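Labels for the chains are A, B, C and D, by order of writing; each one numbers its residues from 1.
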């Protein structure tokens, strides 16, 4: 079988450099281009790239995707900063290239994506649910974007299942003890030297609890998700938002 | 809306007594009969039961189900001891009552069922996976039936996804250190005073781990699953094996 | 060896009833009296009690201890509500009975006491430390008294070791995300159906973390601590505050 | 205050290179020499080193320590391979240098040392105890040396406290399910891609459990222990075996 011809944009960044190595190491892929700041996009077409992994910046991503779609190169995008306007523009471009696929993934860690998915699925079956995220103390925001998103998905699942407010008899509390309230789901942020990025969802019902925990110990954890995206995007025309759509959870 | 008319068979057992209370407490149900050893099955028909929760013994269950199906009463069955012969017999009976449903569930704990389901779904995306079960020290078998079943489901999912043997460079080991081998999945059993019934599935891939843990702290944890079964079995003719089929995980 | 003659005051309360059973089951003890509301204290002297386990109410405890000390009966006290005035009064009484010992313990769970002790010992060696307590949702205060006390002990140990503020780069946070501040130690309170009483102390330093977790699954967990107190108080004249002083941690 | 003059032997190894950086970063220390393979020991004396961190190999360590002691330079030793003969030889040398101190530490991770210490202290108060260690799948031995040592310390503490065999009703078990037996303490080894080095000690008694967990995420975790050793060894003449003797756990 011939190998998939893959390019990396943003190859000099921390994640980009990992992606270059991951593509090179994948037996079913061939790295045909690795572009950094200032390199010409034409290289991608000349190299015959079938898929491009886009790991640049919000300032560059739209121009890059415009080029990719015009050349029928599939895109796997980790760059952030997506707005409704941008997504609409991207949709228009893709309408003109019905065989081209683009995957945009806010998180390429399969463990993180599964944690969110499982948490939302389980949420409808438990009275109580809280989210704890744990990170290194250099992190500037609390809670993490992933924890906030997880809590929102849980809250939506609870609402859909007709669950009301969570049971909580707290009458006297120190400020902050019960965490931040994200759509009715308490979220707690822990900052500890020695940690990297971790998240735990605790669900509780009559006589039992279910805990789903994700520990991210290295950004190499994004690579299996990126490779999975590269393989699946070639068979998925149009826009896909979120790696979860490429996971077989049947 | 009229309430669902529910009976409990085996109402004097530990789980049965809990089920009686749970049905009584459910707003959408009415307890119309609670039968113990020696009570007549005809009571069920006279009471107009629509669903019967069957929590007796392997010696009684077939006779009870025969009666239920002949009277078009749906069954929710927690009694164990199912063989292929018994299931075939039950299928024949149900063929003659096309509107009647029977749910047999080896485990009514929603947390336990979700743990197995999620573990099998996630297994295809991780190189490594091991199962740890933790119980009180009076338990006579190791590993638990649930842990063995979980490992088997994981192994099947790995095989289907084309994953090979797990990475393990162990060259010198004390006997037993690496656990029991269940279809290639290591299973470890911990026995500790103070514990009840707990299970943890650990999945590991490049740079990340995913942990799914179920803690069962009281047998009241079976009640939400039994009530869910009662509600759903009325709309599900035929035989359903496993509570997971009644969970909406879409 | 003759058995230790033990009485229980408050024998009809939930913990008191457990204590009666625990003393009866202990091979080196004999239950000589079990007093409830309205029973006469003289019974203790007539029964020849050597040690009395005091599990009544703040309204009764001083009168009971006055009687015990005057009759040279050692006391093991779980009743709460201690003030400096009460402790001073008790000290005066004990000065007049130099062979009599009284142990007052805010918490008889050996696991809880060890968690506090170990957390305080470890705290001086780690840059970061946070406390998470997890309870059933019927609890009215947050955080728990034990968690607050643990955080205070940790803060005192950090101060003594000359550690400054914990590292925390948080610049933008949702209200409550970073928990309650107890003397500079973040404390997070989780409320979940299915839980009982649990506490986790997380300590983090360069490249490593240490976690100490206590799970209390039943109030029978107080019994080993009460029996230990009964055995040790006979050899420890005067007032001892806190079960930790009776643990050999050398 | 004048800074402590510190040298590193084995400065080109992975841990040695970290030690060089850690000494340079310590405000109360000055790095005066960093020796690799082939460098002359005389450099240490010429540089006026007061303490040398010895991170070489079993083949070099005795020659290095002989030199250090003859020049009254304190030693902090992470090199392994200690036998009774070697320790006796070292003792003889130190007898001739009554002001010189040598610390040998099998493990410089403060978290690992505290875990062992706390586990042994707690062991006498719980009926049940098991050890779980979790490592990356490239590890060749199971269980880890640290886990075996931890189990031995626990077993010794139980024996000293007069505890008998652990409760365990297991009658039928799959081979290996109950782990390896180390002096009566079950030890379980988990191997998972994504993990580094982790250990958990689970203690259980009536109605409660206590868990002590150490997660080592980077070998930089050895540095605080090495720096602590450097500071304390100057005030501790003679031989000290084990970092725990330098921790204040009063």
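A few notes on this one:
Methods note: a residue touches a chain if its C-beta (ideal position, glycine included) is under 8 Å from a C-beta of that chain, and two chains touch if they have at least 3 such contacts.
This is a predicted model, so every value here is computed, not measured.
Interface comparison, B-D against A-B: more C-beta pairs in contact at B-D. In terms of the distance between Cα centroids, chain D is separated most widely from B. Chain geometry summary: the mean Cα position of chain A and that of chain D are 40 Å apart.
In whole angstrom, the spacing between the mean C-alpha positions of chain B and chain D is 46. Here the CA centre of chain A is 33 Å from the CA centre of chain B. Residue positions of chain C with contacts to 2 or more other chains are 126, 194-195, 203, 205-209, 215, 217, 221. Remark: chain A residues 126-130, 132, 134, 137-143, 148, 166-182, 186-195, 202-209 touch chain C in the complex. Within the complex formed with chain A, the chain D residues making contact are 194-196, 215, 217, 221. Per the touch definition, chain A reaches chain B in the complex via residues 109-112, 114-115, 118, 121-122, 124-126, 203, 205-224, 247-249.
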